[in-house]
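After this come two complexes, each holding subunit A, first together with subunit B and then together with subunit C.
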Partner chain A sequence: MTRNRSLFALAALFILALVPAIVTDSYTRHIFIIAFIYGTVAVNWDLSLGLAGLFNFGHLAFFGIGVYTAAILTTSLDLSPWLAIPLGGVTAALAALLIALPVARLQGIYVVLVTFAFGQLCMQVVLSQGDLTGGAEGLVRLPYLRLGDYSFIRDFRFGYYYIALGLLTVSVASLMLLARSPFGKSLRALRDNPDYATARGISVARQRVLVLCASAVFTGIAGGFYAIYLRVASPEVFGFSVATLILSMVLIGGAGSILGPVFAALGLTFATEAMAGIRGLEEARFLVVAVAMILVLRIAPAGAIDIFARLFTPRPKS
Partner chain B sequence: MDGVLIPTLVSGLLLGSLYALMASGLSLIWTTLGVFNFAHGALMTLSAYIAWTVSEQFGLGLVMGFVAGVGAAVIAGVLIELLLVRPFYGNRNMMLITVMTTLAASTILERGISMIWGPRLKQLPRTLDGQVSLLGAPVSAHEALIIVLAPAVLMALWWYTGRTRSGRSLRAVGQNPGSAALIGIDVPRTFSLAFGLSAALAGLTGVLLGSIRFVTPGLGADPLVNAMIVVIFGGLGSLGATAGAAYVIGLLEALLVLWLGLYWTPSVLFVALILVLVFRPNGLFGKAT
Partner chain C sequence: MPEPIIELRGVTKTFGGLTAVNDVTFTVNRGEVFGVAGPNGSGKSTLFNCITGIPFGPSGGEIRFDGVRIDGIPPHKIFRAGLSRTFQKDAEFPDLSARETVALGGHYGAGLGGKVLEQASEEALDLVGFELSRRDMATADLSVYGKKQLMIASALVSKPAILMLDEPASGLTRPEIAALDELLMRVNRSGVTILIIEHVLGLLLSVSQRLLVLNQGSVLTEGAPQEVIRDERVIEAYLGSAAA
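What follows is the complex of A and B.
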């Protein structure tokens, strides 16, 4: 089973690696790049929400922190974007450590509330620290990537395509390895039967801290790349809309399945971009995604959220 | 210092009153159904826009706007319960699923509102004109009304859930839906009641807020985050603790704005929240379980 899935993933990767040879217009490549970035964010959210069963609703904050780290470092400190992008992963992991401190000891709805409030407060901080972050207007005209004389904005997004695909591949591969490792097994044990897992010596608090930091690293790097690629950083990345879109990728793809959210990210990004092209649907596309998410939760609970049914051990509500 | 301190305390009271109104609506649904309604802020926004349309566009006056706004919020709230919460009742992961469905509902409402009413800022007229003096500080009569109204609404809610038959049925269903059904309480109707009542509180808060701040599609979402901080501090379980936490946060926020300015207040508030949770995981007034 896992062998088949790895082969399937390799075949998909092979096809995606050939796409730029066939697709030469930069707009289609752009949608692929955005889909790879969203896919990276979605699989890492899947690590904490699906695989570890941690009710993390502040995942997009790690993405936004990556975006603003890269943007601030390249504008205020003139750092090379090649360095600023990975540093987005570092700051996101540090933020994850901060939020993990209280989350490690909280239960149920309070985990949802604290992580959600964290994301919204990041946005408020970005808005209030206007000198550094540009406030509501955000930061624009960020530097682009160069390699010697090679400039990444004059090749019809050829280079950016492979960087984004590489980021997604490395992220998915390390998550698949992580899911099979003893650490990944301990996460699933905690999700499926917390009492038994604790009795076998697995620490809830420790695994929660580790899983939040691990899920933040690639998310932050993806954020840094997103900022450098689009050359803007705007506070919208912390908003409800992007969070709902990526959450729906995790749910429609199947939480806990790692590969599912990647394909959902590709499908949904192309679907929302296609809707943005239709007059009258530009504003409505996030609305459509939200409706789709509700329908998946209602109609296909066995498919898309099968995993949530196993999040808890059977226990009477008292 | 004296000259600034009193107005700061008054503005803290005002914030606390608004948070108390919001958080009590959230707590009402939580204690009855075990659902956290992420669309609460969007219901406030909806109510403010409907009130603006009825009172300003149709020119029917603020009272009619008030009634229409609260009515629209109640209808939307009951619909959310029927379509997005009830299908998942009894599901073991109901809490998590309803977080997602109400989050989606909030996106749908917010996007729908910005599509219907557009991005232009709107403002509702004040309920009362003129100024009054509160603790020696001049306050607009409208803000004074909110400060007086919030404790009155909370007292009424406390009286309703503790002393009346239908109010006590809410608590019975919250504690044990099976037994509540056995003694003849219509459980599904009670769920609708809880959502309707909470939505009415959201509608009331939305209209009151709409004449202090500009009415935008994000009107309810911003204070909702602070209302969340309130329920994290106070816990969702009891009305008294929630209301107490609302005033603590409101006053703290006002004092932080005075001492540190708007610039640092959100960060400091959040660090305070994390510190409280590290040392008291059950909230400021919560009891260890």
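What follows is the complex of A and C.
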């Protein structure tokens, strides 16, 4: 099963790598880039929420921290965007360490409350520190990526497409390796039976701190890239609509499956974009996503990837 | 000369106004099989929880393992120190195979890795008689006895000094209880001290060298199993005053 999933992921990567050769218009490439960024955030949220069973509802704060790290470093300190993007991952991981310390020993609803409050706190900091963050207006005209004389804003999003795809690929590959490691297995053990896992020498607090930091790294880098790509840092990244959309990617795709949220990110980004062009559905599209999430969870609690897995798994002969 | 491995002095556990374990004192010696009996609600499992810290430690008293106080230290460190336990209910990691479950105990309990971990896992599974053909099965698909074997193997892989078993015979058939009896003897012969709570008196009397009976959270009596079960206070606790 694991081998099938890896082969499926490689086939999907091969097809996605060929897309720019077929799809030449910037708009469609832009939707792919956004889907890859959301996919990176979703799959890393899946690490803490799905694989570790930690009800972390502050994951988008790591994304927002990545966004503002890249924006502030490039505008206030004139740092190269190439450096500012990975530094988004560093600051997000440090923020994760900060929130992980109180969360490490909490249970259930208290984890939800603390992580949710952390996200709101981050938004309030951004709004209140207008001199640095631009306040409610955010920061605009961020520097774009250049490579020598090559400008990434004059190639019909060709370069950005491959950077976003590369980020998603590295992130997914890292998580697949992590899920198969003793650390990944310890997370699943803690999720399914914390007492038994503790009785086998696994520290709940230590694994929680590590998983939150690990899930923040690529999320923060994705945030940094998002800011540089759109050339904007806006407090909306801490808002409910982005968080709900990405959470729906995790749950519709299949929490704990790693690949499920990636495909859900692709499907939902294109679906919501398509619905935005349909009269009457512009505002109601997130309602449609919410209904889809309820339906999928009702039919297959393990997510859409489980439905596909069942469809393509040969039934044993009776 | 008996060498104490676990020593409890005045261990108490209260939940609000309820005292579940009351001033319990006893010693388990290295290499022996020590049984703990008692009617339902007598505090046996709570006592186990207090010793291992999972999910809670004692409210008062002192617990020493190999002479070192362990009450108050994190439960995962108690396992790493060499005190391993199983659970009354079928504990499992449904997502992991039998091999992966055992390896987890070896990796986090004893810091093993690579080939050494693989070998230690196979040895632990061999010791409990776990079939080769089922070792890559998901634990959710195992039989009740298979899950019990696996729980014991995952407890043994880190080479603990003491194995604490919480009602290992619950849910088992008679032939399986007989197989469990042999398994526990085998484990004990390999040098592991056993502390066992059990409702199935036949198994407890068969494997235990000393027996302690708890009633309403307090120690009722302690001694050789055949003497303890003839104690009138024990008969009364189990069957009522008319029987005594």
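Criterion: the second predicted complex is superposed on the first by the 297 of 318 C-alpha atoms of A that agree within 3 Å, B and C clash if a C-alpha of one lies under 4 Å from a C-alpha of the other, contacts with A are read in each partner's own complex, and residues count from 1 in each chain.
In the analysis below, contacts are C-beta pairs under 8 Å (C-beta built on N, C-alpha and C of every residue); 3 or more make two chains touch, one makes a residue touch a chain.
Model, not experiment: these values are computed from the prediction.
Of the two partner chains placed by the overlay, only subunit B lies in contact with A:Tyr110; subunit C stays clear of it. In the superposition on chain A, A:Pro182 makes contact with subunit C only, while subunit B stays out of contact range. After overlaying the two complexes on the shared chain, residue contacts for A:Asp195 are found with subunit C alone; subunit B is out of touch. Once the two complexes are laid over each other on the shared chain, residue contacts for A:Leu167 go to neither subunit B nor subunit C. Contacts of A:Ser203 after superposition on the shared chain: subunit C is touched, whereas subunit B is not.
Touched residues of subunit A, counted separately for subunit B and subunit C, are more numerous for B.
In the superposition on chain A, A:Ala284 makes contact with subunit B only, not with subunit C.
Residue contacts after overlaying the shared chain place A:Val237 against neither subunit B nor subunit C.
Considering their complex, residues 55, 57, 98-99, 101-102, 105-106, 108-110, 112-114, 116-118, 120-121, 124-125, 128-129, 240-241, 243-244, 247, 251, 283-284, 286-287, 289-291, 293-294, 297-298, 301, 305, 308-309, 311-312, 314-315 of subunit A touch subunit B.
Contacts from subunit A toward subunit C in the complex involve residues 182, 185-186, 188-189, 192-193, 195-204. Listing the residues of subunit B that touch subunit A in their complex gives 30, 36, 38, 84, 87-88, 91-93, 95-97, 99-101, 103-108, 110-112, 114-115, 221, 225, 228-229, 231-232, 236, 262-267, 269-270, 273-274, 277-278, 281.
Chain contact summary for the complex, subunit C toward subunit A: residues 52, 54-55, 74-76, 79-80, 84-85, 87, 91-96, 100-101, 103-105, 107-110, 113, 151, 154-155, 158.
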